[in-house]
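Look for chain A in each of the two complexes below; its partner is chain B in the first and chain C in the second.
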Partner chain A sequence: MGTILKDYSYTPAKVKRGYSGKSLYINVSDLSIEQKEITDFMKEKFTGGKGFDLWYLWHAVTPETRWDSPENEIVMSVGPIGGITQYAGTGKTLVCSISPLTDMPIDSNVGGYFGPLLKFSGWDAFELQGKSEKEILIFIDGNNGRIQIEEAEDLPEDAHLLAEELTKKYAENEDDMVNISVVCTGSVAKHAYMGMLNFSFYDPRRKVCRFKQAARGGLGTILHDKKVKALVVKYRGVKPNLNDAADISTINKVGVKYHKEMHDLDHKQNKMRQIGTANTIMIMSQYDLLPTRNFQMGGDPETVKISPQVFIEEWLTQGLHDGCWYGCTMSCAKCADHFLLTTGPYAGQRVTVDGPEYECAAGLGANLGVFDPQAILEENFYCDTYGIDLISFATCTAFIMECYQRGQITREQMGGLDLRFGNSQAVLELMHLMSRGEGFGKIAGLGIRKLKKVFVEEFGADPQLLQDIGMEVKGLEYSEYAHKESLAQQGGFAMAIKGPQHDEAWLIFMDMVNKQLPTFEDKANALYYFPMFRTWFGLVGLCKLPWNDIVPADNYKTDSPAKVPEHVQNYVDLFNAVTGRNIDKEELIIQSERVYQFQRVFNVRMGKGERKDDYAPYRSLGPVTREEYLSRQELYDKQLRDFQQLDPETMDLDEKIAATRRYREDQYEQLMDAVYRRRGWTENGIPTPERLKEIGMDLPELLEVIEPKL
Partner chain B sequence: MKVLTHKQELCTGCRECELACSRTYFKTDDRNYSAIRIIENNKTYRANKCTQCGECIDMCTANAIYRDRNGVVRIDKKKCVGCLGCVGFCTELVMFYADDLDVPFKCIACDVCSRACPEGALEVLVSRVKEN
Partner chain C sequence: MIKVNTEDFPWHPGMTVRALLDEKLFTFRHIIVRVNGEFVPEEDYEKQLIQDGDDVLVLHLMAGG
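For the complex of A and B:
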């Protein structure tokens, strides 16, 4: 037991209509603890979740604040629907901070039990500010109304060991372990900007701590910088109506309807209960959407080696519940049990590997040229326990590999690591080096934006090539979808508010396959509606997956199948049933837009959030290299004829690549114009005062930021 | 394994079984609180009640459903969080819930309804088949 540095008692606020009405503020510089009121203004303008996070973060920081400034905060909130048990995907916490990768607000959503248990312990939101002198942990006992800050010098660094030790420490017995959730990072966080946060939940069947991740943007790096080893919450007594819902009958009815849908349809649709999000690997490869060897190609014949069937039949335990919060019958958090590790500090041990999710199989698999399920699972385990954002790691390592294979950097410059595509042993060695902060591992975790500078300035690499093939926007690495043939998705990524993550918009099938977005205006409408709609999940405590990874049997008959209207109505009904309010699907979008526009203005305040920040690397838009052009020459030649009335027979390869590039870059500019108009932004990407007024967000502090930019 | 069986040819649809069940467990004559439901179809009567198949055990999101030593599938009320996943997943549609209850309820082959049946249409059978 570490020395107790602070012992604080409080009376846990009872949740009413989805809100406890209180937020917790802890400053680890001076160990001060405060309670704040969640005001009606906050509920009206920001709803909850990411909205509350950003509001608190705005008031904590200045335009000069950077990720490691003491005033930077990690803020988390679960939202008013969060914690209900009757519907799938209702345990999502949103975490925000100023990111070391982007120098502006990052938001990351995460499952696991922490957020709901925190709310039932009396806290709608939690702000963590300051920097501790010693390594500490913070323990919140929600049943007894107690917060303890303890020294944590001797605890293990890696997540699977740390979470297990802390769960056992605070549980009274085996049955009590499900009542504990740990937030921690891992050993990589002190050496890399892409450290993530693990959120634990105890699996009573497997008797291990499982994890979900608030992975994007370096949140684990910030937690480590604050010298906070872990946050632990304990709350015993989860019941169906701890949210004090206004209308429990509707929640039960909508929940049972949804569970039945899951039972009847999942095996005919995406098989989420068997394989989780990795169900799409083969489809992505077939549609040229699976990022392969740093997004050069969109698939590979070897993908069959990492197909869903391989994981289902040979690796993933079937038939057990795998949800990351109670009531999630989608059960997509699959895992490989008794997996034997062959490398690193835990070689020879058998462990439970959480995953692989799609991003893992695509990123650590195809995008690195690794078509070996065992290697992917081992990479997956070490990313989790070391606390690495596997998306940033995968995309960044793919970039390093291409730089190496194109002769931009040498093996010697990487300390002897042979990081060629497909060499999973070298990838794992890189992870182990990052965890120890040794050799090339010290710089590989800086992220692509900073690596481009290092490779150009120190290794003499070609800046234009690195700009074209480095898959980052705003400093954040792309998530794992190739999308050269979907202009709408190019915008979905590069114009995403926090950086290129697919949680705002995934329009590839609508745009590229089903041709439902033929004009710029159609694409702009989609790049308004879907980012706004999907933002809402993060305001109220919901997971996106149950929305459209299973759909009602008659969804195809509706006027807008891509929106899944019946599920949208479920969400409206759930929100109203919990809060007692009376929103409709249009007000739902406005709730989201208030926070979306706020976040854009926040970016502007931090010196970002302008047109210059929304440009994509050319690898996102089209073929950078001869090999890429030749791989789909027939398609690209046809486009030269159809779209530009050029005759490819009279052009050499480089001329064709250049003409394609001019056309596609111009298309992207036109898309930006259309999207900015639709979102109520100026040509430079600044939200207009008129639009802010229309949605009730013409707050003086926002107008003060945008006025000099108009 | 214990399981409640119903002889359709003897059932007159009097529903004494439903009342016996709801009165025993919830002190009410409201049949919505019965774990057995008699369904009429063209003057014949079918009984909806748990077959003790146990498909709800592994899917339970709180690990709260188990098979007891008599082979009866039961809900641990201390562990159940009322997610109603089992209600939606029950292929026989015999996991029931009510809005004022924290946990769902089901037939536990207790014999209360069979003792109340005036026609002898209900019987709890005990088999020696060992369940997993």
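For the complex of A and C:
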């Protein structure tokens, strides 16, 4: 296979206190390879992970750079804690680039082995720039200090085949296959803006390559545009202290304490070890939070058909270790083994399906009106192997379905696809069309923001309705939580830096159910703390799930149980024990804020990152249609009386909908004001020089960007 | 009338913590219950009576998603 185009030798840097001190730069236009130093400045200001990614990306691009510009980079880094094996969720890689969906930086976190093996091969971060003329693959041999760039013609397009072939190619024998990790996309990436990156890890019990995804924002589309078929890393010899931790004894102690919690409490709490994140499907439906039929409703009686119990008893293999990095006792990466496919190019084959995670079951299930576990698993498989971001696909398809059912587009305009809610066969056919770049599949792959334009300009759809029901902000599709009744979460989505993804803040229970955030200031404070805290996981190489998807038995005794103080202390201890530094909880937040504010300024530099970019579609804030109002009429009528002193008995339905909209949009404006104040931003959403100075980020290049906006 | 998470909720004689959780459709398992500030362990939900005028806090511990 493949002619070697470049053969590069290097001396792998040994990791010291969590950092190798080197980053790898490859330009695939001219096949140049360079080593860069990780400076003390970078560690101080950006910590690692997403921080390093954004810093390199900033220097690679200009305000004119678009996703397919040669200078755009895909940058990835695992962070200083990444790769330890004594605690759960320590193999997360952060990937950044300029997104085809948002035209600004996207960040996406992903498990799998690639990031840790890359670090142990001597690289804290990896920049991929340029565009190759031919399809190539890049192989990094971390044991022998060798990087090869090869021609990659005639390799399979789809991830499950490609990863298996490359894993076998580079492994010396079956035992060696666990030492290989592949990053690739799938056949959709050449036709759609929502192509994602698969990160593989070999499962020796099942004898298959498994995947986790850097899914959001079109990263796979960018990889394909660079004509890079795959990145492969090989490192043999993972062991507990490859990070050369300053205090291994503390890491062991904290790890043992945590693993005991998992063992003793998980079955009483979230059952992550049985079902993974999909444990919340029924709960979300019962609390009116499960996005159903394009976020119109928050649940459906049919959800019982896709309940956790159904997946546990009928589909998911139980009792196997399912961590996506060594040492993860949360073990939430569940699988349906020997699953028989019934459609598409692999119909009739039995495969292992990684999932479903919550987003999959909610998005490809309820939000499309599909309450069929078998169909969800088949959609799940094809999203993964085709390299589709299933969140963008699900939310985008839900939007298309509603447009169709409301007569905004016709079956003929969709090439004959009968994309009504609940028609899983049509959903699968749309995926197959997308993977081949045919018909309506190619149009659907544009994403909601561009689809709205097509539907209005070419199909004559109503622009206001499409604006109201198209669930995207900044060009990125919403992730899968209904949230009309939580003002804080409306902000948590629409004011998230990269677009409406819940990995910054999930405040629905605190706000809507617990009523812990009664004032704008309370909500703004939560919309400061949680994003700053959760950003930190992406700086250091950690998964967010072990933070609060299991909690200590005595967590209830603490002053702020939602923050799980003991686990926060674990994180402080782990960081200090790995790096030898001495941060506290307050410094942890500052580390995050430095990168958070940097990313906001980066958005400003790319022509985004202002108030105008933080508005939500009205479907996020309240009832767009009569059906939605009527579904919660009692609540909405009460709110007219209590909040606006209006008498709903004297109003017709349209008047009630209009009054509710005026009120809710005003509430959202007030929330924006409060959040901007708390985050140290101007009324227009620009970080102030004073705030940047307070956190040590008044760097000249940042001030140059914001000063014209003040 | 009682308060549940700061909002009024109808009370009836014999109301236990379990009955309240059922009436509120609070099905999430990962919760903390406090009645007038006092923590109620899960094993007492069936027998712990709520009195008229009590202030009940039902904290759902999910800030994840």
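As a working rule, the second predicted complex is superposed on the first by the 710 of 710 C-alpha atoms of A that agree within 3 Å, B and C clash if a C-alpha of one lies under 4 Å from a C-alpha of the other, contacts with A are read in each partner's own complex, and residues count from 1 in each chain.
To be clear about the criterion, a contact is a pair of C-beta atoms (placed from the backbone, for glycine too) under 8 Å apart; a residue touches a chain by one contact, two chains touch by 3 or more.
Source: prediction; values computed, not measured.
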Given the touch rule stated above, what does A:Pro561 touch, chain B (first), chain C (second), both, or neither? second
Applying the touch criterion given at the start, work out whether A:Gln269 contacts chain B, chain C, both or neither, answering first, second, both or neither. second
Given the touch rule stated above, what does A:Lys515 touch, chain B (first), chain C (second), both, or neither? second
Please work out whether A:His321 is in contact with chain B alone, chain C alone, both, or neither, and reply first, second, both or neither. first
For A:Ser249, select first, second, both or neither according to whether it touches chain B, chain C, the two together, or no partner. first
With both complexes superposed on chain A, which partner does A:Pro204 reach: first (chain B), second (chain C), both or neither? first
Where on chain A does chain B make contact in their complex? 85-86, 175, 178, 204-205, 238-241, 248-249, 252, 255-263, 319-321, 323, 326-329, 331
Interface residues, chain B side, partner chain A - complex: 58-63, 79, 81-85, 87-89, 91, 97, 99, 102
Chain C partner, complex, touching residues on chain A are 268-270, 280, 282-283, 286-287, 481, 502, 506-510, 513-516, 518, 530, 544-545, 547-549, 551, 555-557, 561-563
Provide the residue numbers of chain C that touch chain A in the complex, in ascending order. 5-7, 25-30, 32, 39, 57-65
